[in-house]
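Letters A, B, C, D and E mark the chains as written, and numbering starts fresh at 1 in each.
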Amino acid sequence: MGKFGFSVMETRTVNFGELDNRLLGYVLENEASFLTCISCGGCTATCSAGNLIDFNVRKINLFLRRCDIESLAREIDKCMLCGKCTLVCPRDINIRNVVMLIKKGIVKFRNE
Amino acid sequence: MNKLLPEIFIWPFIIGLAYFSIIVLYRFVRWTLGLSKIDKIRIWKGLRSRKTLDSAIEAFREGLLHRKIFRTNPVLGYMHMSLAFGWFLLIVFGHFEAVAYKGSLSFPVYLPIFFRFFVDGIETYPFMHFFASLMDLLLLFVLSGVSLAYYKRFNKKLFGMKKATRLKSGDRIALTALWLIFPLRLLAESFSAGQLKNGGIITQPLGNLFSLFVPLELTTPVTWLAYSFALGFFFVSLPNSRYMHIPAEVFFIFLRNYSVRLKKRVNTYSLVQVFSCSRCGICLDTCQLNLANIHTQSVYVLKNIRNKNLTDEVLFNCLLCGKCQQVCPVGIELIDLRITQRIESTLQYNSSYSYLAGGEVKQADVVYFAGCMTHLTPSIKKSMLQIFAYSGVDYWFMDEHKAPCCGRPLMQAGQYDAAAVLIENNQQKILASGAKKLVVSCPICYKVFIEDYNLPDIKVQHHSEYLFELMQMGSLPKRLTSEKSIYHDPCELGRGSGIYDKPRKLLSNYTSLIPIMNEKEKSLCCGGSLSNIKIQMSERDIITNNALDEYLQYSPDSLITSCPLCKKTFARGNKIMVKDISEVVAASIVQKNKSNACADKKVLEQAL
Amino acid sequence: MGIVLDLLKQDVRFHEGLKACMNCGVCTAICPAAEFYDYDPRMLVSIVQSNDEEAIIELLKSDTIWYCGQCMSCKTRCPRNNCPGLVINVLRKISQELGYFTESVKGRQQILIKRNIGDTILKTGYCIHPSIVKPELHPEQGPVWEWVYNNPNDVYERMGGNFDKEGAGTLRKINNEVLGELKAIFEVTGGTLLFDKIEKFSAMKAREAGLEGTDGNIDKYIEKVNAEDKI
Amino acid sequence: MKAEGKRNIWREYQKEIACDHFYYQRSCIRQNFFPASEKTFLKILRDELGKDIYDDPLHTTCTGIGYHTDVVPFDTIQAVVARHFALMTEAGYKNMAISCVTSFGIYSEITETWKEFPEELEKVRKSLKKAIGKEFEVPANIAHASDIIYKFKGEIAEKQQFELINKQTGKPLKIVEHIGCHYSKMFPSKGVGGAEFPHVLSGMIEEWGGEVVDYPERRHCCGFGFRQYMVQSNRGYSLSNSKKKFESMEPYMPDAIVANCPGCNMFLDKWQYTLAEMQGKTYGQNGKGIPVLTYEELAGLVLGYNPWDLGLQMHQIDCEPLLDKMKVPYNPEDKYLGANKKYIGRPEVAACLA
Amino acid sequence: MGKSIVTIGGGIAGIEASGILAELGYAVSVIEKEPDFGGKLKNWDHLFPNMRKAEEIEDYLSRKGKTPGITLFPNTTIASFENIKSGFVLKSNHGVSYSAHAVIVATGFEVFSAERKEEYGYKIYDNVITSADLEKRLKSGTPLTTLAGKTPQRIAFIHCVGSRDAKVGNTYCSKVCCVTGVKQAIEVNKLLPATQIFNFYMDLRMHGLEHEEIYKTAQEKHNIQFIRGRLSEVSENIDHSLLIKAEDTLSGRPLKMNVDLVVLLVGMEPGVGTTAIGKACNIEFNQYGYLKIPDVHLAGNLTSRKGIFVAGSCSCPMSVKDTIEHARSAAFEVHRYLIEN
């Protein structure tokens, strides 16, 4: 803040040019059904964890595609893997595998 | 003594045997040392108990007679038995013969193995002709197994098997060597008999025949040498091939009888089991994933563990339905082995359920836990609440609004530590409720409540058991309809928890059950299993539809199950009316109890 | 319908600003505030459109409504001819009417603005007067402004101004008669009332937080509001 | 970039601007920070173009900043604006010339509201009558001061002394235009050239020999944000938005920025200083800032007015590099003198920009 | 029968309806302002949902146009329109009179003029094109590059350009742009597999039975990324790439992206021809400027004047498939009318 009493703010804008999408690639390569997500939110609506806390499964797709790994890691940790999302998904996406792959990918790319 | 060949020809055999013995001994020691302290104490105590004798008998029965394979598949059983037991008898009687020949217990280790090479027909010893013929017959016995094995390679259908395990190079060498040992022995003994007149009822006529057109001076030593090499190759390749299962299985039987158990982490007992797999392929055939052309069955997992190339794709592509474990002739704990591997592979994964702290608790006699899957099949939930209201039970619907998952899906994925957090939270709430009974609608939850929750003084029941008990107490109306139904055993409730009869007895009050081929222990998986992380929905559908098609052959009016996930999965097939056992019971209440309609309505509204 | 919805619908700007939103997001895409604050005008309009009184009250108590910079870029682009910026104006007005503004960090700042801009209007006839742009409060204005601030008569005279003097021209003194008219307009049209409400609710909040001086002054409160401290 | 496309759009948005007889409405911010620009505007209109424009001592602020910081209600600002209309009516004028873009936006919004909701107009008539006993007529024409300069840009060009050409290279000066948000974003039809490709400033620049640089964040707000600047702790918002613009225009290496909005002129000037202080970053050439001019200052330079009479010394970013390029003569000694060439001391030199 | 019909417009609808009526024995004059027939079809490359070549339909229509009984009048417009007792007399720009017992208006649509969506910079920025432009490029087979000849690394398809937009006066959905956008995205992906493709949409209105499948295939097989957010603006970077801005509405954050090519999926509008003919015939328009049909369910081919019928997209946005069906039903309505009168 210094002498001014304010400072330059960070932008919230998603800048598509500067995204690191290794994790996205890893997940999509190993679970192709995830490509077909239409962000309908059915998963979020049924989610057991989401019923308990502010947790949005749909946004996992979003964070992954926007390469917001920090938010992704924070959110994915809340999943209880109960599998309801997979059962309601209209596009038959294997969401539990996506969750597991993300968990694995986070460890993998953190170490790389 | 035969002068035509220096004794050096036995060395391939001797070296092989020595190598084999050292490696196997080394492994046994390493495995033993790798066990936990408690397990070691168990072994120490067991060694001096009856368990040792029991184990020896079992080892004889399973390792040599292959009783379990016999039961599943008699031809396959005979093949294994003739090879293993026949060879065993050859060795045993070969030793007796050597004793008889030498008149003492001291003779070189190779003598019984190459006996006819060393013994001239003009020498005599007790029971000479008896031994010669007995050994011939035993060899014939073994050879019958070998020829079945040949045949199996080329035509597996003879054995009623759809699949055969794929071979690795180590296996190939061992297999080739094994296939060659006994024919070579037959040839060698026949050649020797032709020269030395020392054969039995088979080898002597054969020898005489061969002597007419075979240059025995040359072929006899060469064949014995080849026989020795075949043995040597076999013993050398054995520890690195699937035939390691022969010693490992014996070791496994002893450890198992000494109450050594699999832990939640991979240890040397896991390895003992991995090495005990004969890759007989029985697990392959029973696996429903074959229908979807998925090749991740237990035998491959064990093989991959041995070869240290297990991938997530294989490890997590399993329904954990338990059918393979049910039929495994060696008794390997296939499910737990897979789960421990899953635990191992997900150790670094993170999870955070800090949001679970606390939660509402109500006092009641019975705690009802519907489970996540039941929330996706609200008719089950509705039926259970109707039944509770009808029977006047003081209950608390624990996960009516907000409750964590039971933890089992996490466990199935290997995430035990994560599951523990959920378990702890649920456990505290259940204990705080003061209830004496926990009723669970989902078999997946049921199993974890039984096995992994610490709920002293609380009886955990799946709703099918609970409803059976209510019926016995006369708290439920009975109303037999003309409907013919099939009862589908959910994996987790049937093979997983051994509950087969209570649901059937309960249902007999409402519907007539059609007996079907694949039921109880042999029941099919619906395909919906949460345990399979990798399978695609389209592949699940194949399994589901296959099961449905099998059921439809019996033309039932409805398919009854007692698992919300089975119900949901079968309903997806959209081929037959699928009901939960609770719905069947609840349907009779609505009919009988119109005066209670008001109360029902309230319950109904609550439920919805 | 609750009071908030009533108030919303009474305001002509609400009807101007919100016809029907289809959640397309063109407003957020170019919203300067959405770029730097955790703020999404589309979501805000969506909440207002929901007619959910409770949710709207939450909004009125939140920082959210105070992030907009009133550039009105949203109006240019909206394919449904809505103007989230105008809807914000109405929400802010209601938040102040009902005292909800003191519930949020950004909302509480209204007392600063009222005392700065609001009071300056009635005192000088201008929104901004050199006297309130004190260099110590405005370091960003830089040394040239400090020079101007210290030499207003000379600088403005050289610029052809009429600083603090009767008659026409730059920064002329607005005479009392005109200021009287301005005050009369504020009285009649609710301007004074709004000033009073901002003062009243801020004082209440200061009292509630134990930040009221013995003579009823709320300087301590204002200090904390200025620093965006917790209250 | 195809110029023809823009020209097509400009043809679509030809707003009506009165020719003569204006009632002038001053700007709070401009009076404070760019007082000479308003003086220059009146001078150009009266002396160069021979127009009649009335500078009424009785008008006040429109209270627009108060309105957009939400301390002045809509009813109040409508009545204040109505009072100005009443003053205009009393003075016998029908055409408004508005110095401030915020005011211009306010006047537009209010008159549009009255069109759509006539009952609001009646309400305002009543309350003004009640408060001060005045009656008013809605102006026939409301123009922003930049509209008027735009309209007469050709006449100004005829009297042009200096072209917007870099005399050192012979190439047109590269100038970035910045249009105040409230000029046409609310009502595109009320701005020359509309909201997306406004022509009001680019028209002047091109007419007077310069080259307009179209850069990606051209339309982005300077970040004033009213309450976002008025409260110290919020100013990061304001600063960050301007920074975004500077970063976007930097690769084009503009020689100057021209704006038509008081706030924008001030912020684009001052934030360059602040950013240089905070982050050591400057966006102009040779480590200096980019000079920021009002359109009157630009017109004044073109007409050969003394830069210090135009008030360029009140800018934090020095305009001398631009004057040098244009070969506009100036006396550095005179820059910071007070009235009657009195020495009043000099501002401290901003080291970060030197 | 000897009754005569004038069809105004020689596009898909006009030819199809006229062909059927000619087969039924009527004398049909088809008036077309362009030198050749087939309407916009000649600008399209492949048609959804089955990716058939548009030329196949063109061939079909040109055969249809040769049905005995049809007379084609290219380069002709209607100058006047008169009511007579037995029907109508139309006079052409060449001074030729046509008498008709019934008239079919099949004047089609116009592609939305994307330059009206100023913030997208069509005809201003070098690399902003429309879906119609892209279709022509695909058809011509020339390599798909930026104006400077570079292979685009990133392409954005922008949905709802000129549709669902009060700012340009078209509040309706043009129905075909969603599926066109996805179809073209797939085609571009096949041509330029290394290029990242994004579709910016609000809703994907994949109305036809197979259209949803096209969408899924685009995601699954062609890795096309769909971003839910309407494009707010396009601006040009110094390297002539484009900076586009939308809200990533699913995350509630603004989103910006540099792309090399922007394809605007332009909607449909009633054409000037439709407006002129409608006025000349004195028939009513609906609120969107299309020809008004009296009953959306039961009278889809009628107009406000007896004897004047409508076929194809001059009544509302239609796909090729819908247009052919609409033309066929128009022929039936005309036939029924002529029998009854």
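In this text, contacts are C-beta pairs under 8 Å (C-beta built on N, C-alpha and C of every residue); 3 or more make two chains touch, one makes a residue touch a chain.
Keep in mind that this is a model prediction, so the values were computed, not measured.
S.K.: Which neighbours does chain A have in common with chain D?
M.R.: Of all the chains present, those in contact with both chain A and chain D are C, E.
S.K.: Suppose chain A were not there; which sets of chains would still be joined by touching?
M.R.: Contact components excluding chain A, positions unchanged: B | C, D, E.
S.K.: Which chain's C-alpha centroid is most distant from that of chain D?
M.R.: B
S.K.: Counting only C-alpha atoms to place each centre, which chain is farthest from chain C?
M.R.: When every chain centre is compared against chain C, the largest gap points to B.
S.K.: Which chain is most central here if centres come from C-alpha coordinates alone?
M.R.: A
S.K.: How far is the middle of chain D from the middle of chain E, if each middle is the mean of its Cα atoms, in Å?
M.R.: Centre-to-centre distance between chain D and chain E: 45 Å.
S.K.: With centres defined as the mean C-alpha position, give me the chain C-chain D separation in Å.
M.R.: Using C-alpha averages as centres, the distance is 22 Å.
S.K.: Calculate how many whole Å lie between the centre of chain B and the centre of chain E, each centre taken as the average of the chain's C-alpha atoms.
M.R.: Centre-to-centre distance between chain B and chain E: 65 Å.
S.K.: Distance from the CA centroid of chain B to that of chain C, rounded to the nearest Å?
M.R.: That pair's centroid distance is 74 Å.
S.K.: Residues of chain A touching 2+ other chains?
M.R.: 4-5, 9, 11-13
S.K.: Two or more other chains touching the same residue: where does that happen in chain B?
M.R.: Not one residue of chain B touches more than one other chain, so the list is empty.
S.K.: Mind pulling the chain C residues that touch 2 or more other chains?
M.R.: Residue numbers touching two or more other chains: 30, 34-37, 76, 140.
S.K.: Spell out all pairs of chains that touch, sorted by label.
M.R.: A-B, A-C, A-D, A-E, C-D, C-E, D-E
S.K.: Name, in rising order, each residue of chain C that touches chain A in their complex.
M.R.: Residues of chain C touching chain A: 34-38, 139-140.
S.K.: Flag every residue of chain E that touches chain A in the complex, lowest number first.
M.R.: 198, 204, 215-216, 219-220, 223, 225-226, 228, 248, 250-251, 253-258
S.K.: With touch defined as at the start, can you tell me which chain C residues reach chain E in the complex?
M.R.: Checking each residue of chain C against chain E gives 22-31, 34-35, 40, 42-43, 76-81.
S.K.: Which positions of chain E touch chain D when the two form their complex?
M.R.: 115, 118-119, 121-126, 233, 235-238, 240, 243
S.K.: Quick one: which bits of chain D touch chain A in the complex? Just the residue numbers, please.
M.R.: Residues of chain D touching chain A: 232-237, 239-240, 243-244, 274-275, 277-279.
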